[in-house]
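Chains here go by letter, A, B and C, matching the order in which they are written, and residues are numbered from 1 within each.
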Amino acid sequence: MSSPSPAPEPLIVVEGVHTYYGKSHILNGVSLAVGRGEVVALVGRNGVGKSTTLKTIMGIVDASQGRVLYQGQPISGLPSHKLARIGIAYVPEDRRIFRLLTVMENLRTGLDRHGVSEARKRQLLDKLFAYFPRLAERRGQAGGTLSGGEQQMLAIGRAMMLEPKIILLDEPTEGLMPRMVSQIRQIIDVLHNDGVAILLVEQNVPLTLQASQRVYFMEKGAVQHHAAAAELSVDHPIIHKYLGV
Amino acid sequence: MILKRHAGVFWAGFAVVIALLLLAPLVLPEFWRRFLTEILIWGLLAMSSDILIGYTGMVSFGHSAFFGLGMYGAAAALLTVKPPNLWLAIVYGLAGSAAVALFVAYFSTRLRDIYFAITTLIFSQIFYVVILTWTDVTGGENGLAFSRPRFGIPGLWTTPFTSTSLHWFVLAVVAGSYLVLRRITHSPFGMVLQSIRENEARTRAVGYPVERYKIVAVMLSGLFAGLAGVLYALQNRFAAPDFVYFVVSGEVVIFNVMGGIGTLVGPIVGAGFFLGLREGLSRLFPYLATTLHLPNLAEFPYLVPLGVVFIAMVIFMPQGLLGFAKRWLNR
Amino acid sequence: MQIPWDIIIIQTVNGVVTGMILALVASGLTLIFGIMDVVNFAHGELFMLGAYMGVVTLAATGNFWLALLSATAIVALLGALLQVVTLRPLLGRDPLYTILATFGISLVLQNYALWQFGPVARKIQEPFSGQFTLFYLQYPWYRLLIALLSAAMIGGLYLFLKYGRFGVWIRATTQDRVMAQAMGIPVPWVHTGVFAMGAGMAAASGVLFGPLVGVNHTMGLDWVLKAFIVVVVGGMGNLVGSIAASIFISLLEAYASIWVSPSQAIIVSSIVLILTLLFRPTGLFVPTPK
């Protein structure tokens, strides 16, 4: 198990987190770190606790043990709206855009923040629409009328409107056509170039290896292994061990 | 083994409580004797409500209707049939509340949760308005007054009720009802009710005819509530529309929550706690008014601090006094 | 039989006027339910307190409009306070507990009002008297004003929800509370704000309605029952539905009171409720459920 090169200044640190759903012990001592501007992947089979890890970081479920640090400060127990305001954005597994709100209104939930000038809002929107012209076309349409791929774009775009320092991305390519998958790949690169960190949960191995710098492997509710993406390849035995059927 | 010991403890405790309640009227002054009897009667009403709230998971604000119909039913028997017959009064009262219960039961099967609660509330108001305005039959605002029947079997042997023997009669009815209800809730029927409360969809999916169970639950609840109404009529010798007003239903629910829902005994404890607090506060304020020279305070309504206590209990002690005691004892 | 046309016309207009006030009260109730899943039993008491605040302010300043504004503001603030203290801790618990808590609040408010203001009804003087000619009859201007103001407030509410930043927040919170919070929307405060708005609307209704009847501590009870009937008949959480239902029910009651006493008129609304529950339980004015 070769150690990857030292991570840049840590943005999010998860230490020994245990989370329960009722009586189910889902997270069994998860520890990981994401540095400033890094793209880090979290992979594993279905049900190992990847989504729950993201939800715990975001304050959607409470950890019963362990802690989560953001920029060195403990954030466990803080409500998610405070976390969104200090720079953590969340794009959930089923997108969960506001179906009855228009595309613009969905984006506005992220844009309408304290201390953001109208000019800046315009800037953010224009930049987003440049990457996702389809969203611009459909800006007056209700979110529920968009296709799966467009909803994913909207979910990511909405998170980007928060100008976050890190985005928690849960299975963005699930159920998408290959063309859309490469668009997602591009947007991850764009975000990375802008200095936004990403904690990416994904089943798509090639995308994961191309887009991220480091990979955490989860099994049985804990991180079991950790490697630099550069050292891995699609048919690496480790991949089979943690992701194979 | 634990169950057996549990049962032993239960019966011992039950016997002690009954013994105390039996002795009470012999040692207490009249006012407190009546107070205790009232607690028992309201306790029975609250217990009947617990069947719905605590066991089947259906909040009802309509118990004032069952109670009121029981009361007026008994009044009807005592006023129309001479000489006034105790057992007929009970039968009429139960019939009255059963009729209302059937009506409510029908709707209980088609409505869930909040809709059911609101609808029972509105129904109890309808009954209130009907009773209030149908002056010829119900005496309207003034209600109906009647004399207390004699205890015994008419034709064979009867004896008038004394203050004490009435208390014992009420105690017997309430204790008997408690035992019956306890038997029912511990039976397979009771288990199904609880599973309806926990997860109705699942219970239905497993194959139980949930609607039928709900109807029986409502009928059961209504009958015992009506019985409480009959007892109240016997105790106080009048029936008035005030008791059909929905606030009474609300107070019943308060007894349930204060005592602990789903415990059967809890509601009786809750009734005692509420009525006791009410007595205490009604005396406290006039006292404070004179001591602190604030004459306004004398009339300060007891429901304000009582309401605050209730709200605090809903937030901090949702398991009620009994639940709190249970946890405290288990520590 | 002689058809009492003038009475029918008057009652129609009365029905619409009362209906608009009922709509204002019911909108607040359905808003609170639709967004927070809270059945606010204390809504009638907020109405009643609004009316009393109106009485007090009117007595102090002599200005009806000031009374209307201050009553709305004060009760809205009280509503916010109540929500933060009693309802926020109950978030996520069985809805039974919010019903109980609001019921407790209604008892406290009602009895407090009884003690504070006494059992004798107070009067709010209407801001102007005078009547206008409706067909061949005389009808008071003030009542027309009530209807218009209520309509304006409801209209304002609708616009506020549709546009406006807070409106988007409210709608997002209603659709997906978890994601709304994840997007930085302070959901607990949205709930407080919505409750305050509902309370303010109830208070305004109380002040507007004050001149028509006496203001006393039990006035809330009738209104809360009627409002609940309206909300169920109109469809829980359905703003347009509750407005339509309010007018419908008020008209029926207005007509009924030609022949029966007003307290019996509630039986009419109750029959409508029963029929609705039997045949269209999701609401009369809601499109047929799938």
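Operating definition for what follows: a residue touches a chain if its C-beta (ideal position, glycine included) is under 8 Å from a C-beta of that chain, and two chains touch if they have at least 3 such contacts.
Everything quoted here is computed from the prediction, not taken from an experiment.
Taken chain by chain, the contacts run in an open path, each chain touching the next and the two ends left apart.
Among the chains, the centre nearest to the mean of all shown protein C-alpha atoms is found for C. Looking at which two chains touch through the most C-beta pairs, you get B-C. Work out the mean CA point of subunit A and of subunit C, and you get 44 Å between them.
One finds 32 Å separating the Cα centroids of subunit B and subunit C.
Between the CA-based centres of subunit A and subunit B the separation comes to 56 Å, rounded to the whole angstrom. Of all residues in subunit B, none touches two or more other chains. Subunit C contributes residues 39, 86, 89-90, 93, 95-97, 99-101, 103-105, 107-108, 110-112, 114-115, 225, 228-229, 232, 236, 261, 263-264, 266-267, 270, 273-274, 277-278, 281 to its touches with subunit B in the complex.
Every residue of subunit B that touches subunit C in the complex is listed here, in rising order: 53, 59, 107, 110-111, 113-115, 117-119, 121-123, 125-126, 129-130, 132-133, 247, 250, 253-254, 257, 299-301, 303-304, 306-308, 310-311, 314-315, 318.
By the touch criterion stated above, subunit A contacts subunit C in their complex at residues 58, 60, 79-81, 83-85, 89-90, 92, 96, 98-101, 105, 108-110, 112-113, 158, 162. Considering their complex, residues 165, 168-169, 171-172, 175-176, 178-188 of subunit C touch subunit A.
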